[in-house]
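Got some structures for you, see below.
Here come two complexes built around chain A, the first alongside chain B, the second alongside chain C.
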Partner chain A sequence: MISKEIDRVGLAVALISAMYPLVQQVGASRIVKGVRIPHPCGDPSLPPELDLRLRREIVETALKALQSEVKGPSLFLPNMAVAA
Partner chain B sequence: MRLELAEFPVTQVKLEGKFSYHSGTLEVDGGEIKSLVLQDMRIADVELAVVVPGEKVRVTGIRDVVEPRVKVNGKGQVFPGTLSPVAPVGEGRTHRLPGMAVVVSAEYEGTIRAGSAVQRSAMLDMWGPGAEASRFSSRVNLVLVLRLVKGLSEIEAHTAIQRAEYAVAKRLAETTTGVKPQRVESYEFGRKKSKLPRVVLIQGCLTDSHHPHSGLSYYGLPVRDSLATLVHPNELLDGAVTGDTTRAMAPFPTTWDWQNHPLVLGLYEEHGRNLNLVGVILERIRFETHLGKEVIAHNTAQLAATLGADGALITWTFSGNCFVDVMLTIRACEQRGIKTVLVTYEYGGKDGVDTPLLYYVPEAKAIVSTGSRDRWIELPTPERVVGPNERIQLFSYPGAPVVSAWDSVTLDARDLIIGGVDIWGGQSSTCRAY
Partner chain C sequence: MLTIVHIVNQFFAGVGGEEKAGSPVVVVEGAAGAARGLQAQLGDRGKVVATIYYGDNYFHEHVEEAKGVIVREVEKRRPDVVVAGPAFNSGRYGLASVEICQAVSEGLGIGCVVGMDSENPAVPTYREYHNLKVFLLPTAETAVGMPEALSSMARFACRVGSGAEIKSAGEEGYLPRGIRRVEKADRPGVKRAIDMLLNRMKGRPFTTEIPVETWDQVRIAAPLADLTKATIAVISTSGVVPWGNPDGFKIFRNTYWRKYSVADLKRMEPGRWEAIHGGYNVSFMNENPHYGVPLDVLRVLEAEGAIGRLYPAYYVVPGNQGSPSVMKRIGQEIAADLRKEGVGGVLLVAT
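Moving on to the complex of A and B:
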C-alpha cells in the first residue's frame, strides 16, 4: 500500500518481499523476491560473508528494478539459492 | 471406530458439598478441587468461582476453556498425552457435561516479554455486548483462578495451567459415572459403500515452530513444520488435539473448540444423508517462503485426493500470512477436481470498510463468512470481577496501556474477548446486505 502511494506521486519504488504473490495481487509495481517472511533481506543462518553476498545481491537487484521501466506488477528475482 | 458421547447437561453449579450430579445440578467439592490443582508444585494458589449467563461479571486473565468429559468405556482416557497416557482414543463411550465449561485464568508475566511468542490472555463478559460477542457466555462457567509460582518458563506455565484445567474437567465429569444420560449421540464412519459425495475437513493450523509451544498439539506433542496429517474426527472429541494455554486470543481455538468443532459435528450430522465424511486433515500453515506455502498446499490436496475426496471444507486458525497457505490449498484442491468451501472470518477494520481478506485466488468461489474479527466494541462497567488481576492489558508490547477491569472498556477489535471471533462458524451471526 505504501509502495503504491509512492508510485502515485511519481517516484520509482521497489518492494522486497518474501510474499511476492500477495504483493503482486495488491498491485505493487517493482517486486523483488525476498528470502523468508521473517528476514526478507538476508539469511541469518548463513555464515556472515555469504550473508553479506546475499544481501548485496538482493539490494543490487532492487536497484536494477528501480531503474527499469515497468507496466504493471513486475517480479525481479535475485540470483540466490535458499532453502525453503 | 464408534464413539458414543453421553450427555449430562448442567444448568447449575454449586461449590459447597460433595461431588454429585443430579438432574442438571452439579455439586462440587471445592476443597477437593483445590487439593487436586495444588498437587502441581508449579501452582501456588487456586480460587474457584461460578459465573452464570446474564450476570454482570467480567472474567480476566483467561487462558483456556474446556468442557468436562471422561471416558467410561474404550481405550485410553480423555486428553491423551497431556493428562493421561497416549492411547488410541475415539472409541467407546465418553461422558460430557454440556451447558457448562471450566474456564481457566492465570496471572503469568512470561519470560518472553515481546514479539509474537509473548504470553496473552483474554477476557469474558457474561452480560451485555461482550456476552453477545462470545460463544462462551451462554453456559455456566466454573472459573479456576490460578496463581503460578514465579519464574516459570512458557512451556512450564502452559503445562501447569493445562494439567490443572484438564484434571478438574475430568473430575467434574466423573460425577456422572453410573448416572443415566439424558441423551447419547454416536459418531462413526460407515464402512459400507456409498454413492454420496466424499467430503474431507481440511483444518489449517497456524503453528509457530520457533515458539516454546507451537500452538497446536497432537496427543501432547507440539506440531511444528509438519506436512499434512490425517486424523480421525473422534480423536478431537476425546481431546487429542489441544493448544497453547499461555497464548489465549480470540482467533485461536480453545480446547472447548477442538472438543466441539462445529464443522466436525456438522459433517457428522450430514454423514450418511447428504455426504460421506472421510476424515480430518490437519494442515500446518504459516510456512515462511512461498515455496513452502506451495508445497503444503500441494501435499494437503494430494492427501485429500488419495482419500478419494470429492469435496473439502477448509478452515483455519489465527491470522496473518498463513492465509496465503489456505488460499493456495483451495487452488490445489480445485485443480484436482475437489470442490471446496472455505469457512473464514473477515477483517474489514473497526468500521468494516477495509479489505476483508488478506489474499485470494480465483478458485475460491464458495466462501462462508463467519463475521468480522475487527469491529470495535464497547463493554460497560461490571458489578463483579473474577480473575487473577483487576487490570486488562490492551496490547502485548512491553509498557502497553492497562485499564482497570472495573471500568468500561472500548476495544478496536475482538481479539481480547475469549470466543470473540467466530473462527469455525459455531456462532449464530446473521448479516444484512446493503
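Moving on to the complex of A and C:
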C-alpha cells in the first residue's frame, strides 16, 4: 500500500519483504525477497560477519532494483550464497 | 451428513501465537481449535472430519510446499466443502486462506468458503482469482466477531457442500468476484436500460447491471538514473523506534507515521531501539534493529560512494493490521515528505 503511493509520485521504491507473494499481489513494483518475516534484512542464525554480508547483498539487490526498468511487479532475488 | 475440512492458522488451531508461527502444515483428525466452534454451528448438518493448520510465517515462506501438502491432505479426505478462516483483519492469515482455497478448488474441484473482514488486504487477491468455487464471506474486523462469522460460514458451507445453486453476490452476501453471470430477464435490455436512465434522471435509486470494477493502477516510477548522486531514504514497517517508544505507537492499527533521526549514527545499537509490532516475534529485531533498518550497510555504501547520500532520518509506521485506507493515506503523506526533502530513491522494509 505504502509502496504504491511512493511510485505514484514518481519516486523509485524497492520493497524488501519475506512476504513477497503478498506484495506482488497488492501491486508493488520492485520487490526484493527478504530472509524471513521477523528479520527481512539478515539472518540471526548466521555468525555476525556473514549476517552483515547477507544484509549488504540484500541492500545492494534493492539498489540494483531501483536502477532497473520494470513494467509490472518484479521480483529481485538476493544471492543468498554470499552467506554460505 | 456433509463432510468438511477446516483450515486455520496455528493461532486459531489453539497451538500458539507468534512463537509458533513457523509451524509447518499439521493435520488433526476431527475438529480442533476454531473448528470446534464451526462444528458447534454445524450441529448435525455437517461434520468437520479434519482440521488442518499451518504457521502464519511458515505458509508465506513455503507457499508452494504448504499448498501442495494441504491439497494432498484434503484430497485424502474428499470432503464436500472446505472452510478457511475466518481471518478477520489479519493480512498473513487472510492471504494464506485465499491462496489455499484457490489451490484446493483448482486442484480438486471442491467448493470453498473463506471468511475475513472486507478490508483485509487479501480481498483484492480473492477478486482477481474470479474463482467460481470460492466464496468470501465478510466478517468483523477482530475475533470478537467469531461466533457470527462461524455461524454464517457454517450456513453457507452447508449450501455450497450440498451443491445448492448459489445466486449472485448481492443476493447471497458473499463479496463480489467480478464474475458476470448469464441470467434470464423478464424484460428486454432496451426497456431495462431506459428505466434505469429515467430513474437516474429523476434522482431515483437504480441498480446497474454491469458494475465497473475500479482498479487502482499506478504508473511505476522510472528507474534511478544515477545512484551515486541520489539521496536514498529508508521506510520501515517493522516498528523499530527509539527505545521508550516516544510517540506511543501501538502494536497494531496505527494511524500515523514518524521519522527518526540517524544523522550522526553509523549503526543502530541494540538497547537504544525497540520494535513495536504485534504481528511478528520482535525479539530478533530488538537484538539487531538492522534487520528492519539496514543503517550499518547503507553507511558503508555511502562511504564507498555507491549511493550519493543517505537521508538523515528513517520513516516508520508499525504495519500490523493497518487498514488499506489508512495505509494509503500514510503512504501519500510519506511520499509528499520524500518529494519535499529531495529524496531520489526509497528502500521500504516490510515485516
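Everything that follows uses one rule, which is that the second predicted complex is superposed on the first by the 80 of 84 C-alpha atoms of A that agree within 3 Å, B and C clash if a C-alpha of one lies under 4 Å from a C-alpha of the other, contacts with A are read in each partner's own complex, and residues count from 1 in each chain.
Please note the rule applied: contacts are C-beta pairs under 8 Å (C-beta built on N, C-alpha and C of every residue); 3 or more make two chains touch, one makes a residue touch a chain.
Note that the structure is a prediction, hence the values are computed from the model and not measured.
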Touching partner for A:10 - first (chain B), second (chain C), both, neither: second
First, second, both or neither for A:47, with chain B first and chain C second: neither
Chain B versus chain C as contact partner of A:68, first or second or both or neither: second
Comparison of chain B and chain C by chain A residues contacted: C
Partner chain in contact with A:19 - chain B first, chain C second, else both or neither: both
Chain A residues contacted in one complex by chain B, in the other by chain C: 18-19, 21-22, 25, 36-38
Chain B contact footprint on chain A (complex, rising order): 18-22, 25, 35-38, 82, 84
Chain A partner contacts - residues on chain B that touch it in the complex: 287-292, 295, 321, 324, 358-360
Chain C partner contacts - residues on chain A that touch it in the complex: 1-19, 21-23, 25-27, 29-30, 34, 36-42, 44, 51-52, 55-56, 58-60, 62-63, 66-72
Footprint of chain A on chain C - complex, ascending: 18, 21, 57, 60-61, 63, 91-92, 95, 99, 121-122, 124-125, 128, 216, 218-224, 227, 232, 235, 237-238, 280-285, 287-288, 290-292, 294, 296-298, 300-301, 306-307, 317, 322, 324, 327-328, 330-332, 334-336, 338-339, 343-351
